[in-house]
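What follows is a pair of complexes built around subunit A, which joins subunit B in one and subunit C in the other.
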Partner chain A sequence: MLAPMVVVLAALTIYPFLANLWYSIRAVDLTQPFKQGFVGLRNFTSVVTGSGFLHSLTVTIVFVVVALALQLVIGFLVALALWRPLRGSRIFTTLLILPFGLTPVALALAWRLLFNPSGGGINVLLAHFGLPTLDWTASDALALPSLIIVDTWQWTPFVVLILLAGLMALPKEAFEAAAVEGAGFWRSVFYVALPLLRPLILVVVLFRGIDLFRTFDTFWVITAGGPGNATETLNVLLYRTAFQNLNFGRAAALALIMLVIVLVVSQPITKRIVSPRERR
Partner chain B sequence: MSPATGRLLRTVFLTLFCIVWVAPLFYTLRVALADPIYAQSGTPPLLAAITFENFAGVFANAEFMGALLNSLIIGVASTILVLIIAVPAAFVCATFEFRGRANLEAWILSTRMLPAFVVVLPYFILFRSVQLLDTMLVLIIMHTVISLALAFFMLRSFFADIPKETLEAANLEGAGHLTTLLRVALPQVRGGLIATAILVFIFSWNELAFSFTLAGGAVKTGPVAILGFIAFQNVQVAGLMAAANLLIAPIAILLIVAQKGLIRGLSFGAVRA
Partner chain C sequence: MASISIENVSKRYADGALAVNHVSLDVADGEFVVLVGPSGCGKSTLLRMIAGLEEISDGRIVVNGKVVNELPAKDRDIAMVFQTYALFPHMTVERNLSFGLRLRGTPRAETERRVREAAALLRLEPLMTRRPGQLSGGQRQRVAIGRALVREPAAFLMDEPLSNLDAKLRVHMRTEFARLRERLHTTTVYVTHDQVEAMTLGDRVCVMRDGLVQQVDTPEQLFLRPRNIFVAGFIGSPEMNFAAGRIENGELRLGSLRFPLPAAAVPAASEGKPVVVGLRPSDIREVPGKDTVEMRVQVELVERLGSEILAVFPVDATGVSADSVAAGDGAAIMAGGESRTSFTARLDASTPAAAGRPIPLHVNPAAIHLFDPATGMALRQGGT
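Our next item is the complex of A and B:
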C-alpha cells in the first residue's frame, strides 16, 4: 500500500535532485541549444560571484527573519488575548482563517492596489487623517518592508491559531501552582506557558521559516523583485535566471545552493520536532 | 487589574486586530462593487456608488471563466489522485510499526521544504522534451505531487485517532488490510477525509509557480489568468478586484466548511485544533 507513495516521492525528490545536479555542471542555455556541454563548476562560481547573489541572499534573510519575528510576537499576543473564554471569539477565529487560506495571487493584487502611491487605499487613508503619504512598493527603501507587512498580515493568523491550540491544551495545574506561589499573569506566561509551548513554537518557526524562504507569489505579483532589484529574493532570482534568461545550467546551480541552505538551516529544528515523536 | 477590565482590554485589542486584518479584504470587495470611474475621479472607494457591473463584466469574460473551469477540473482531478495515493500510505503508517517508517515519514516531510522552482526546472525540461508543456495533464500531475505530503500527514493524524481495538477486531474477523481500510477505517475518518480533500483542492486552486511555468499559454488556471489582466495597462482596477473576489469566493466558503481540519493539515498533524 506504500508503493505509489514511494514512487511519487522518488519522482518529487530524487529525480529533481539528480537532474539539477546534471544540469548544474553543464551549459544548458535554451537560447543557445547547440552550445551544450560539460562546464565543471563554472555555473556555481558564476552564480556565487554574480552581482545579484549576495544581494538576493541578504534580501531573503532580512525578509525571513523580520517577518518571522513579527508574526511570532503579534501571533502570541493575539493568542493570549483569545486564550480565556471571551464572547464572540468563535467568529474571530473563523475570520482568522481567511488571510492564509485564500488565493495568494488575489490577495497580493489587493495589496498591490492598497500600496499604490497614487490613489491606493493606504495613502488615501493617510491623507484623510492629514498624515504624510509614502511611496510604499515604489520606493527602494520601503518595498521590502511593504512585502513584510503583506506576509505578516497573511500569516500571523495562522501563528495565532496554532499557538492558541497549544495554549488551550496546556495543563491547568501548572498555572494553578504558579498562582498559588503568587505569580501574576505575565510571570506565569513567561515562566510557565512559554517553556511548555516550546515544541509548538519550533513547529511554527520551521514551517513559517521554510515558507517565508519559498515565498514567490507575493513578490512576483506586487513588486516582481523591483524596484530595480530591491526585493529580488533568491526565489525571484532563480525564476529570472531560468525563465527570463533561460540559463538553466546556472539556474540549476542556484537551485542546488538554495536546497543546501534549506537543509542546513532546517535540519536542527526538524530533528528536535521529529525525535520526541519517535520516542512515543 | 480586575477580570472585567481585563476582558474589556482584550476585547478592544482583539477588535482592533480584527479591523486591521479584515480591512484589506473589505477594501477589495468595496472596490469591486464601486463604479469603475471612481478611480479616475479620485473619489474614495467607500463613497463611490455601488454597482454590480464589474462582476457582470467578469462573468462575461470567457477567458477568465474558462480559466476558472480549468482550475476546477485540475483541482478535482488532482484531489482524487492525491487521496488514492495518500490514503493507503497514511493508513499503513498510522496503524503499523515497521522498519524504516520514521525514515519514510522524514522523507515525506522533506518534500515540504523544497522551493517550487527547484522542482520546476527539471520538470520543465522533461515535459518540454515530451511535448507535454501547457497541458492540463502536466498541472494535474504536479498539483498531485505537491500536495501529497500535506495529505499524508493530515490523514495519518486522523487514522491515528481511531481506537486500536476497532481495527484489531476487524482483523480478528479475518478482514485483510485493504478491507479493514475501506470498510472500517475510512468510515471512521469521514470528516477528516473531507477536510483533507478540501485542503488539497484549495492548494491546487491557489497554486501559481507550477501553473504559470509549466502551462499558462493554452491552459491557464485562475491565478495565471488574473495575472494576465494586469499586463494590460488600461485595465480597470474595479474589474480586476471583481475578478480577484470571484477567484477567492469559492475558497472562502470551502475554508469555513473545513476550518476544523485546516490547522491540523497545515501543521502536518502536529496541532489537533
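Our next item is the complex of A and C:
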C-alpha cells in the first residue's frame, strides 16, 4: 500500500533534492558546457562572496520583516474590530477571502498598472486630491515599499481570518474575569487575548514568514528585481543565476543556502509553537 | 465592605425573553446571601448584572449607596468567582492571584504581602509557580477564590463555584467556604442550584423561579415556613410530599386519613374546599409523640442511607406536582389524576421497615403545610 506513495514522494521530493545537492557541488554552467565536473564547495563560496548575495539577502530580510510586521499588526487590529459582532461584519469576513484567492500573477499585473507613474490608478487618485504623485515601482526608494504594500494587501486578510478564528475560540470567561479584575478593553487585549493567541500568532509568523521569503511572482511581474537591483531578493537572484546566466551549479548552491536559512530561522519558532502544550 | 441593593431589576433579552423579572433584594454589609433556584431561573443573570457583565434592562443596582447601572465591570470594585474558575491559563498561580492588584497599580510590596496572605489562607504556597493546567479541580477552585480575596473587594460574587467539583470535593470545599465566610465577613452574593449549599452557607437565601423571587428568608424559615408550594418543594431533601386534600369541619382529609387541625390554623376561606397538603419526609415519625395521628402504611420501597432510611409508601390521595401548581394549573391538577400517590418518610435506620410490610407511622398535624391549589401560596405554614 505504501509503495505508490513512496514512489510519488521519491519522484517529486527526494529526487529533485538529491539532484539539487548533486548540481551544487559540480560545475554546471550551460555557457561553458565543456567545463563540467566536481568543484566541491566552490559554488557555495562564489554565491556567498558574489556581488549580489549580501544585497539580495538584505532586500529579502527587509521585505520579510516589514511585510510580516505590517500584516500582523493590521491583521490583528482588523480581527479585533471584527471580533465584536457588528452589522455587516459577517459579509466583510467573507469578502476577506477574495484577495488571497486571486492568482498572484494576475494580481501583480493589476498592481503594476495601478503603480504606473503616468496614468496609473494610484497616481490618478493622488492627483485628484491635489497630492503629489509618486514614482512608485520606478523609484529606487519606493519600489520595495510598493511590493510590501501589494503583499500586505493580498495577505493581511489571511492573517485576519486566522487571528479572528483564534479570538472567537478564546474562553469568554477569561475576558469577563479580566473585566471584573479591573481590565478595560485594551488591557484585556494585551494581558489576556495576545498571550492566549501566542501559539496561533507563531503559526502565522511561521507560515507567512516562509511564504514571504519565497515570494517570487509579484517581484518578477511588477519590478523584475528593478529598478537596477533595488528589489532583487534571493529568489530573483536565484532565477537570474539559473535561467538568465544559465549557471545551474551556482543556482543549486544558492537554493541550498536559502533552504538552510529557512530551517535555521523557523526552527526556534516551531519549537515555541509546540512548547506551550508541554507546559500545561 | 459594602451593601448591595437591587431595586426592581429586570433583564429582557433582544428576543423578548424576560430572564429576571422585577427583582428587589437588599444585601446588608457583610451579609452572605445565596441565590438559589433551578436552571434558567435567572439567578446567574442577576449575579452578572451586579458584576457589570450583563446590561440592566430596567431598575437599578446600588452598591454602597452608589447607582452602578452604567459603571463598567472594571470600576465596580467587586470580585467574582466563576463556575469555570476563569483562571488565566498563561499565567502562574502567583500571577493569577496578583493580576487585579497589578492592574490597579498596587505597590509591589503590598501586592506580595496580600498574595502571600491569600496563598497561606488557601494553602496555595506550594503551587505558586504552577499554571492552571497543572492544577486539580479543587486547587483551581482555591486559586479562583484567592484571586477574589487578594483584591479585598467591596463584595464577592460567586457563580456556582462548586458545581464543577466531584461530590466529595464539593462537600469539602463547602466547608472551606463556610470557614472563610466566618473569617472574612465580606458581603457575598452566592449563586447555586444546590439547595444544600444554599442552606448551609447563606445568612439568607433568595429562592428564584422563572426570573421571579419566590421568597427571601433565613434557611430555617425557608424550611419551616415556605411562602409557596415551589419553595416548599425546592427546599429540603428528600422533597416535601404533596397531595390533594380537603378541609371539612376543621379537619384535614387526605384520602382515608383524617388530621384534626387546630382551629386557629384553618383559614376560614378554606373550609369545605380542596387544598394541597405538604408534608416533609422528616415530619413523618416512626414513634408516636404528643398530638400525633397514626397512619398505617404499606411500605413499597426502602432506601438505606446508613444512619437513616427513606421509606416510600402509597397514600390514597391525588398526587400534586409542586411545579404545576405554582405555574397556575392547580385546578387541572385537582380535577384529574389517579387518586393514589407515593409519600416518602425519613426514618431512623433502626425502624423495622421492609418492602411489602405494614408499619405504623405518626404525623403531628401541626407539621402539615397547606397550600392554595390555584395560586400555590401557603394557606398555613407547618413545622415542628
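To be clear about the criterion, the second predicted complex is superposed on the first by the 260 of 280 C-alpha atoms of A that agree within 3 Å, B and C clash if a C-alpha of one lies under 4 Å from a C-alpha of the other, contacts with A are read in each partner's own complex, and residues count from 1 in each chain.
Simple rule for what comes next: a residue touches a chain if its C-beta (ideal position, glycine included) is under 8 Å from a C-beta of that chain, and two chains touch if they have at least 3 such contacts.
The structure displayed is predicted, hence computed values, not measured ones.
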item	value
Clash or fit, subunit B versus subunit C on superposed subunit A	fit
Which of subunit B and subunit C A:78 touches, first, second, both or neither	first
Residue contacts on subunit A - larger count, subunit B or subunit C	B
Which superposed partner A:187 touches (first subunit B, second subunit C, both, neither)	second
Touched partner set for A:40, first subunit B, second subunit C, both or neither	neither
Which superposed partner A:98 touches (first subunit B, second subunit C, both, neither)	first
Partner chain in contact with A:259 - subunit B first, subunit C second, else both or neither	first
Touching partner for A:195 - first (subunit B), second (subunit C), both, neither	second
Centroid geometry (CA): angle subunit B/subunit A/subunit C, rounded to a multiple of 10 degrees	80
Contacts of A:132 with subunit B and subunit C, given as first, second, both or neither	neither
Nearest Cα pair across subunit B and subunit C, whole Å	9
Set intersection of subunit A contacts, subunit C complex versus subunit B complex	none
Residues of subunit A that touch subunit C when the two form their complex	171, 173-174, 176-184, 187, 191-192, 195-196, 198, 276, 279-280
Touching residues on subunit B, where the partner in the complex is subunit A	7, 10-11, 13-14, 17-18, 20-22, 24-25, 27-28, 31, 39, 42, 44-45, 84-86, 88-89, 91-93, 102, 104-126, 144-146, 148, 152, 177-178, 181, 202, 205-206, 208-209, 213, 222-223, 226-227, 230, 237, 240-241, 244-245, 247-248, 251-252, 255-256, 259, 262-263, 266-268, 270-273
Touch list for subunit A against partner subunit B, complex	1-2, 4-6, 8-9, 11-13, 15-16, 19-20, 23, 28, 77-78, 81-82, 84, 86-87, 89, 92-107, 109-114, 119, 121, 124, 128, 153, 156-158, 161-162, 164-166, 200, 203, 207, 210, 213-214, 216-217, 220-221, 235, 238-239, 242-243, 248, 251-252, 255-256, 258-259, 262-263, 266, 270, 273-274, 278
Residue numbers on subunit C that touch subunit A, as the complex places them	51-53, 72-76, 78-80, 82, 84, 86-91, 99-100, 103-104, 131, 133-134, 147, 151
